[in-house]
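Handing you a structure now.
Think of it as A, B and C in the order they're written, each chain with its own count starting at 1.
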Amino acid sequence: MTEKKQETQDISRRKYLKYVAAGVVAVAAVGGGAYYYSTMPPTPAPTATATPTMTATATATETGTTFTGPNQPPLYFDIWLALPDIVKMNMDNFNAQNNETGQVSVVSGDYTSVVETKLISKSKIDMVFGTPVQAVRWYKAGWLNSVDEGPHYSDIVKDIYPWVVDLMEQPQGGHLGWPYFVGGDVLHTNDKMLGQMLGRTPEASDYPKTWDDVLNQCREAKQKGLSNQPFLPEWYAWLGGLPSYIQVQCYSEGEFLFDKNFDPTFDVNTPFADVLTNWKAFVDEGLAPTSEFATTEAEHIAAFCTGKYLYSVQRDYDCYSFNDPTKSKMAGYSHIVYPMPGRTHDAAALIGGLFLISNNKFFDRDAWQSFRHFRLIEHFAWKDKNGNYAAKNYQNVFPVWMGYPSMNNDPATRALWVSKGWMSADDFDNNTKMIEGTKVPPVYKGCIWFQEWLIGSGGVNDLVPQVMSGKIKVDECVTTLRALAVDLKNKYS
Amino acid sequence: MRGKGYRRVSDASYAYLLIIPLIIFELGLTVYPLVYSFWTSLHNTNLAANTDKYVGLANYIHVFTSSATLNSLQLSLVFMITVVISSVLLGIGIALLLNEEFVGRGLVRALVLLPWAIAEYSCAIMWSGIYNQSYGFLNGLLMQLGIIREYTSFVTPAYAIYAVAIAYTWHYTPLGAFFFLGSLQAVPQDLYSQAKIDGAKVFRRFWVVTRPFMRHSFMIVAILSVVQALQALDLVFVMTFGGPGVATQVLPYLVYRETFATMSLGLGASLAWTLSALIIALTTVLFVLLTRRR
Amino acid sequence: MSKKKISIYVCAIALLFWTLFPIYTLVLTSIEQQVELVSAPPHWIPESPTASNYLQLLGITPAVSGMMMGTVETLRVGLLNSIIIALAVTGIATLVSAFAGFAFGRYRFRGKMQMLFAILFSRLLPSVAMIIPFFYLFNQLGLLATQQALIITYLSFSIPLATWVLLGFFATLPSEMIKSARIDGCSRTSSILRIAMPMSRAGIVAVAILVFIGCWNEFFFALMLNGGTPAQTIPPAVASLFGVQGGINQLGQPAIAAATAISLAPVLVLGLIFQRYVTRLRIVDPVTIALELPEGA
């Protein structure tokens, strides 16, 4: 028995020595690796791009180029979660019509950082969605391609709203991308409550003409006991919320915040301060809930569906929810106020989303690959090979306006949307008019720090709620934001 | 036959053998981020502006003098104190309750642990639905009970931090409760009977008999909840994104903002190390206070 | 019933209400139509409940809208990734920490206290700050946006925690059985494998469940490392549904609540199982373990 025990102990000892030797080597390797990584510079190494193995044959003619070549590597289109089935449908059409291999993938989570990471590392990203304030930064960094170089550029320019082309123009040259839809935040009504307040069916003339009118009507609604807090502002903490709403109200007062050199045009005696004062009045008189600052877009929509609010600033297409009887208590009673309340009634239909393609030069693409990319974006953003607008598929399932007058003025679309109960015919016409007459805020043309001014640390999103809660004064906020804008401009120039 | 000395050595060696995979793995994955982030905190690394210069303690000075840090520190402390006090008191209460015999005790005990098993982000979604000012369930409940007359906002700039703290307490309490329950179950029953015979009332019985047995779990729960509450990010992230404005921008959220929103890695890292220093300091204080030998 | 009994039952009911109310509101939201959700007074029992959200999200009936289709796909991918990652981490972590916990709990060796505290303090940096180094590490290794990245990350969290829990457990194992097995000629390894481990089944299972729940629920690293990629786990998927940012929102609150409930279901079940085991785990002070010890097994 003793020998057996010795044997097992001897074996253990041998095994142990082997393991220890291996362990020491491993620890040394790991320790060395850790030291190496800790002294690494912060930029990650880019991954190699795939180079096509076949060169394309090109026959150039006067009326166009008939290109052929391999349909590899696949074209990667990253989208955020918005009507992905339509996008996939359009991609299937594109693949079928062009013998292509495009792929759509939905990015959930922090869209910006995922896309930026892919752009920086040049990995599998050909076309993306983007908001204008994001896209400007990506364009400046050289990650996006100007759509000018597309073969159908001039056709699209003739077809699209002129203000879109204007908005997309960048100071260093080129155009940013093409919109996949247009439209902005508008004032929605709850005609059920408005009718109770007026004692009769509301008409368009009863709608507020200025933001003070909104305030007064809300006061009246509260006084009459119709609602505890009649106004639901779009104050939620994402780009489409407070930053969007503050622009809407400023523009409607004629305040465009920045001039074409991106210098601030606002100060304590300008409409910007008036907007904040107007908002503060809502809060001080208990006419709007301050918890809106910490809510989400989905909750904001559902909140207005409760029918407890008289007015709300929401995206124009959200009438889809407000007039749906399975979703809303005021179905059929919600309308869009036109013209936009405010001194000048200026609406700036901030483009909701853009198609953007990644930079062909930056990604080392040859002529054929570049051609594939432009073919992709022009299919989605404009017409497919059969001459049909690809975006028509959106308008069949959702009331979203497009960048082309012919699409928004199509009576078939209007009939469809009205028949589905999403909005009235007047709403359709009015919103189309608002989109047609959109102004172009100069700050959208190439200012890479606008988003930071809006939602960065110490920016609009941080300070405005503090004004509302009384922590800082309106004037102090305006001057701080003005100083911040100047700082940011200096920082990035 | 080898002597006793040999056996002890190879026991220890055997122990090393067993833990080597752990050590190797942990070294690589914990030492490296610690070293890297400390190194970064000494540079003005900013991915957007593409800077990466050694700046010594400049980041730390900025951290200590910035008003955002002060705001976040204050919020973190309020959050921590609310959570720790509530969850410890509630936890002890739950443990005491579950220590008693009653019909359905097993069921209650099983269900009580659920909030802890539910992820923080799910809690955030649930409690957002409860606190909602337009259609929330808390509003509905309070109004039906007649406690309030109108729907009201809970996640306001003034009270958001408390609202979030309550949600976090709901999530976190069961863990402490089970620690306490474990200790309670170690208390010998005859000590209670003895105390009853000696005429001690309920609270006195608790203070004299139960409390000494709970000292240990009390320390663990207190320290654990301080550390967790100061690092809690998920709940705030999903529920309020830093709150109305910056009203729930606790320190971890500020670190997130500095690191990712403005891509100032250096600043974010220095803020993170400051937070760690705070956590270590508080933990040490608690440890010393609560392990005093009597 | 004595006054004490009555107050116990009252407290128990209050406790149940406090615990279950939020869960109930989530389930309620998920089976109502939004128009009922936004009614006041609230419909505690829905008038026209519908399971359609669940049926669509679980793929039992076809999705009615594009948003829903995308959500179903995201949820399916997320569930798959979560299961794979959680199982992998649980398996490896349980194995490693069982042996490590045994060593720390029963053997005396030099540097033990230091190692224990080093493991404890390795968690001192808040996870927010660990993201970037991990990000670069995985980028260099080419593992970014893969399941392996999260598996490695979660192992680095789980192993220390599991070791700490198990060492207390192993330390209090009665050593008679192990000693008698050794006397009968069993080698050290097999005495551990064949005697000690089966004896500690409860503790090991409890720790395994703990680790699984931790991995399933982890949000921040999952969001930053894998968010938006095909290797995305459930937490970022559901959380981004809730805070749908940008784009067009057709889903409505009930569907979001249903998705949340689906992501919860596995851990709820596990949590119920776990609590049976956790009461068998005695809380032992690891410092004491390190200082005073029974002789080696």
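In this text, a residue touches a chain if its C-beta (ideal position, glycine included) is under 8 Å from a C-beta of that chain, and two chains touch if they have at least 3 such contacts.
The structure presented is a predicted model; accordingly, all values stated were derived computationally and were not measured.
*Asks:* Hey, what chains does chain B share as contacts with chain C?
*Replies:* Output, common partners of chain B and chain C: A.
*Asks:* Can you tell me which chain lies farthest from chain B, using the average of the Cα atoms as each chain's centre?
*Replies:* A
*Asks:* Whole-Å distance, chain B centre to chain C centre, using C-alpha means?
*Replies:* Here the centre of chain C sits 16 Å away from the centre of chain B.
*Asks:* Distance between chain A and chain C based on Cα centroids, please, to the nearest Å.
*Replies:* 34
*Asks:* So which stretches of chain B touch two or more other chains?
*Replies:* As it turns out, chain B has residues touching two or more other chains at 13-14, 16, 23, 31-32, 36, 40, 128, 134-135, 151, 241, 260, 265.
*Asks:* Quick check on chain C: which residues sit in contact with 2+ other chains?
*Replies:* Chain C, residues with two or more chain partners: 37-40, 132-133, 136-137, 188, 224, 239, 242-243, 253, 256.
*Asks:* Any chance you could list the residues of chain A touching two or more other chains?
*Replies:* Only 12, 37, 40, 42, 110, 113, 238, 296, 299, 302-303, 306, 308 qualify.
*Asks:* Using the touch rule from the top, collect the residues of chain B that touch chain A in their complex.
*Replies:* Chain B residues touching chain A: 1-2, 10, 13-14, 16-17, 20, 23-24, 27-28, 31-32, 35-36, 39-40, 45, 47, 49, 52, 68, 128, 131-135, 150-158, 160, 239-248, 257-258, 260-262, 265.
*Asks:* Considering the complex alone, what residue numbers of chain C touch chain B?
*Replies:* 5, 8-9, 11-12, 15-16, 18-23, 25-26, 28-29, 37-42, 96-97, 99-100, 102-104, 107-110, 112, 115, 119, 121-134, 136-137, 152-153, 155-156, 159-160, 163, 188, 213, 216-220, 224, 235, 238-239, 242-243, 253, 256-257, 260, 263-264, 267-268, 270-272, 274-276, 278-279, 281-283, 285, 296
*Asks:* Quick check: in the complex, which residue numbers of chain B touch chain C?
*Replies:* 7-8, 11-16, 18-19, 21-23, 25-26, 29-34, 36-37, 40, 93-94, 97, 100, 102, 104-105, 108-130, 134-135, 137, 140-141, 143-144, 151, 170, 178-179, 181-183, 185-186, 216-217, 220, 231, 233-234, 237-238, 241, 252, 255-256, 259-260, 265, 268-269, 272-273, 275-276, 279-280
*Asks:* Once bound in the complex, which stretches of chain A touch chain C?
*Replies:* Answer in residue numbers: 1, 4-5, 8, 12, 37, 40, 42, 44-45, 47, 80-86, 105-111, 113-114, 121, 129, 131, 181, 238-240, 296-299, 301-303, 305-308, 317-318, 320-321, 325-329, 331, 352-353, 397-398, 400.
*Asks:* Quick one: in the complex, what on chain A touches chain B?
*Replies:* Residues 2, 6, 9, 12-13, 15-16, 19-20, 23, 26-27, 30-31, 33-35, 37-43, 110, 113, 228-229, 232, 237-238, 289-296, 299, 302-304, 306, 308-309, 452, 455-458, 461-466, 468-469, 471, 491.
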